[in-house]
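Presented sequentially are two complexes of chain A, the first with chain B as partner and the second with chain C.
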Partner chain A sequence: MKRPSPPTVRRLIGLALLIAWEAVPRLGLLPELFLPPLSKTLAVLWLDSYIYAAALMVTLYEVAIAMLIACGVGILVGAVVGGVASIRNLMLPVFSSLYAIPIVILYPIFTAWFGIGSESKIAFAGVYGFFPVMLSTAAGIRTIDEQYLLAARSMGATLPQLIARVIIPASIPTVLTGLRLGGALTIIGVVVSEMLTSASGIGYLVTMNRTILDSPRVFAAIIVVLALSVAFDIAVRALERYTMVWQSAGRRMASSSTDTSARLATSASAA
Partner chain B sequence: MSRSAVILVRIALLLAVLGAWEVLPRAGVVNPMLLPPLSQVLVVLGEILKRGDFQEAMAVTAAEVLVAFVIAVPLGALLGVLSAENEYFGAIFKPMLFYVFSIPKSIFLPMFILVFGIGFGQKVAYATFSTIFIVIMSASAAVESVKAEYLLVAQSYGATRAQILRRIYVPSMMPILLETLRISMIFNFTGVMIAEMYASRTGVGHMISNWGENFMLPQLFAGVIVLAVAAMAFNELVRYWEARCSTWRG
Partner chain C sequence: MQHMARVSPGDGQTPRPAVEVRGLGHAYDGRDGVVAALADIDLTVPAGQFTVIVGPSGCGKTSLLMMLAGLRTPTSGTIECDGRPIAKPDPERVGVVFQEASLYPWLTAVENVEFPLLLKHTPRDERRARAEQMLKLVGLDGFGGRYPHELSGGMKQRVSIARGLVQDPPVLLMDEPFAALDEQTRMTMGHELLRIWSETSKTVVFITHSLTEAVYLADEVLVMSARPGRILDRVPIDLPRPRTYQMMATDKFGQLRERIWQQIRDMP
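Showing the complex of A and B:
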């Protein structure tokens, strides 16, 4: 017998999960408090759609500003740290050490400083997303093939030309990977901080409905967050494919241990 | 720059940051209510380290981190090796894992509270959940990093399975495995912290979030320093091992 292809199996697993989500609570295998049936959750989402839409708007606003900060500052600092050898040797190990700190412990400080409104979420998520963007930009600048630079220089390229024509196009793929991870982390940062202390946003709906044990509304908010992070992922992947034409073959992958750790560390979201 | 110059500049930078932390609030440039001077924070730090309730909270947090780590790392490593060794299994689950990766795990925290309550078990379960995916991914990356040529050479010289495991797999995988330990600890610690800050009656995470809500900033900063130093100490320890082991691999 021929084994079904992996994508088919994946679709079947997805379908089975959805069916289980409906069937398991209906059959009484799990109390509805733990897992309300899918249909009930979707019905609540539809019924309260204006509440969820309003909360989503607050969350999106916070995510947008935090992302601008994380990506802007992250790319800038990453370019300097990756591009200038003396700063790189000085600071990169320091940043890798700081990366070990669970950033969520800073959130109480941000709420004390900025209150429980949007400002504290933006500040927290901005810091949360900053590190992966910065580390992967630094790695991206470093992995540029020396020969491109040599060729451009020997043809008499000026520094601005070198930056615009060689460095930026060559580092785009790595920077985009950083943006994808950094963006995902800013979404997580905003949602986590809304769940912890807040009075608005999707994360607040999760916490508020959990405290009154309204499980269908908790799961409806979970669905909204999942949809948000998946939509973001699809959008950035499309952008990556679009800019792929700039990337030429033969990029050298650096193999020192700081690079691997930067890659691994940035390849994931801790929260 | 030479090695000693780099270290000197780093120390100078650290002293500058610490000095600014002391001087700026004292000079009134920043509000000392919002950023208490370093010396005041350090005095409070000395006091809370002696307090029985803080020591108890640290013990609870350490136990949660440890138990979750001991569950998540071997289990994740096993699943990771399976998905790397079995091509069909890997082809099915790897894209799903990547997908789970981009999802905020903390959004499932309410489910853990509904099912496990807000005690020790819930912290361990949530931290295990938030750690295991990175362990699976790194473990399968570690298996794949073993060079096929090495295996071929060993097999053609008639190495036994045990010899191949000990002489090729372990040395090749060691750096990535140590790195996995390091990074999964970051995830694990973050998971425990989020769970404690979100809903808990004990633990250091619970204490700092209380201090924040009650605007007790010297205590809050002192607690954050303790947690940050603990996290960085473990990280540096494993990085030291990593540096020692990387000499094995040419």
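Showing the complex of A and C:
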């Protein structure tokens, strides 16, 4: 018998988890307070869809602005820190140490400064997501092959041309890695700060429903956050594929080979 | 005399050299004070000549080439190219072909070749036409849409050569362009380069570690000393052209190679 391909196995594991989610509380193995059945959770999500949609809008708005800040400022500062040696030597150790601080400890200060509305979430999540974007942009620019710059200069490139035609395209892969990490941290930052102190958003729904022991509604909110993160990841992957055609050959071959093995697996099981 | 064609009327009796270097020196601040990398380099390359520079590692060959390309400023001396000093990179007078890794991986072959024209804001259609023409010259007709990672090492260097030639500069500088290739590809590329050279009648300054390659390609081989680099010997290579692989087995080829080797082998 042929072994099933990794994607098939992944899908099977996912399916098994969903079945367990439904079966375990139904069979009484866990009280419904700890784990409400999947069907009940989805039913609540459907029933309160208006509430969840409104909360999601608030969260999305905060995430969008925070991401703009984290990515925009992160790329700008990263470009300067990565590109200018004197600033890099001065600032990079500082930024690297700041990155190690659990920034969530500063959230109470953010609420004191910006109140408990969206502003404090945006500010907090923006700072939270800023560091990985900034650090990877700096790394991306610093690690550009010297030969690329030399070749461009020999062809008569001016400094603006060097930046636009060589430095930016050469650092895109590393910067995108940072955006992916920074974007994910921004989502975490918004949800966590909503859970800590707020009156709206998905994070608030989690905390509020937990205090009244309404487990299905807590899990429903968790599903929404999961969906948000997965959607973000898919979007970044699509962006990566779009910007990195030139290095996707290896990946393309890999995916086509898994496709073939998947086809082989299905034809084998059909036979 | 192919270089005579370049001389315009009223220019005088003697053909103008394509590259003229006088009293060139280069020093830089190293860990233990000032290091002299090059000293007293005098160099005249007649238009249309194929000149190869050989020398031990670290003798400043690359440094010299960088200065010829206007990428590095000499500490002393002058460099003239086509009768005018080289103060900064000027791709219309001097094209440069580097070792591997200087093609941009995010551009296709034809976009890489177009790159110098793009920097000059040449209209798109003209750019594309010139680049396609250059790819044809280097034997890569039909490969323009490929990305560098889809090309072999030899093909990548063909693209580099096309890129160096796309602005039709009278002088082409090559810094160990075939060093990263396997022996067989290297031989083929050398032969191809001679074909391209004879079709375009460029002045070529070529740096290499391989003495066989040097003798095979050159009209004249310049032998450089260890640091500080000086020119020790000028070896005219009077083998007939077009060169063939069979010439490598001749006594004459061996004697020329030996003469160069004798001067390099005792250096540190």
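One rule holds for everything that comes next: the second predicted complex is superposed on the first by the 242 of 271 C-alpha atoms of A that agree within 3 Å, B and C clash if a C-alpha of one lies under 4 Å from a C-alpha of the other, contacts with A are read in each partner's own complex, and residues count from 1 in each chain.
Criterion: a residue touches a chain if its C-beta (ideal position, glycine included) is under 8 Å from a C-beta of that chain, and two chains touch if they have at least 3 such contacts.
Keep in mind it's a predicted model, so treat the numbers as computed, not measured.
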### Query
Is the arrangement of chain B and chain C around the shared chain A a clash or a fit after superposition?
fit
### Task
Pick one for A:S86: touches chain B only (first), chain C only (second), both, or neither.
first
### Summary
In this superposition, the partner of chain A with more touched residues, chain B or chain C, is B
### Message
Output check: A:I101 vs chain B and chain C. Expected answer is one of first, second, both, neither. What do you get?
### Response
first
#### Entry: First, second, both or neither for A:A53, with chain B first and chain C second
neither
### Task
Go through the superposed model and pick first if A:I109 touches only chain B, second if only chain C, both, or neither.
first
### Query
Thinking of the overlay built on chain A, is A:L68 touched by chain B (first), by chain C (second), by both, or by neither?
neither
### Message
By the touch definition at the top of the document, which applies to A:A199: first (chain B), second (chain C), both, or neither?
### Response
neither
### Task
With the two complexes superposed on chain A, say which partner A:Q147 touches: chain B (first), chain C (second), both, or neither.
second
#### Entry: Least C-alpha distance (whole Å) that remains between chain C and chain B when both complexes are overlaid
13
### Message
Per the definitions at the top, what is the overlap between the chain A residues touching chain B and those touching chain C?
### Response
none
### Task
Going by the contact rule at the top, pick out the chain C residues touching chain A in the complex.
69-71, 89-92, 94, 96, 98-99, 101-102, 104-107, 115-116, 118-120, 147-150, 163
### Query
Which positions of chain A touch chain B when the two form their complex?
3, 6, 9-10, 13, 33-35, 86, 89-90, 94, 97-109, 111-113, 184, 187-188, 191-192, 195-197, 206-207, 210, 213, 215, 218, 221-222, 225-226, 229-230, 233, 257, 260-261, 264-265, 267-271
### Message
Under the definition above, what is the set of chain A residues touching chain C in their complex?
### Response
145, 147-148, 150-158, 161, 165-166, 169-170, 172, 244-247, 249
### Query
If you look only at chain B, which of its residues touch chain A in the complex?
1, 6, 9-10, 34, 88, 91-92, 95-96, 101-111, 113-115, 130, 133-134, 137-138, 141, 175-176, 179-180, 182-183, 185-187, 189-191, 193-194, 197-198, 205, 208-209, 211-213, 215, 217, 220-221, 223-224, 227-228, 231-232, 234-236, 242-243, 246
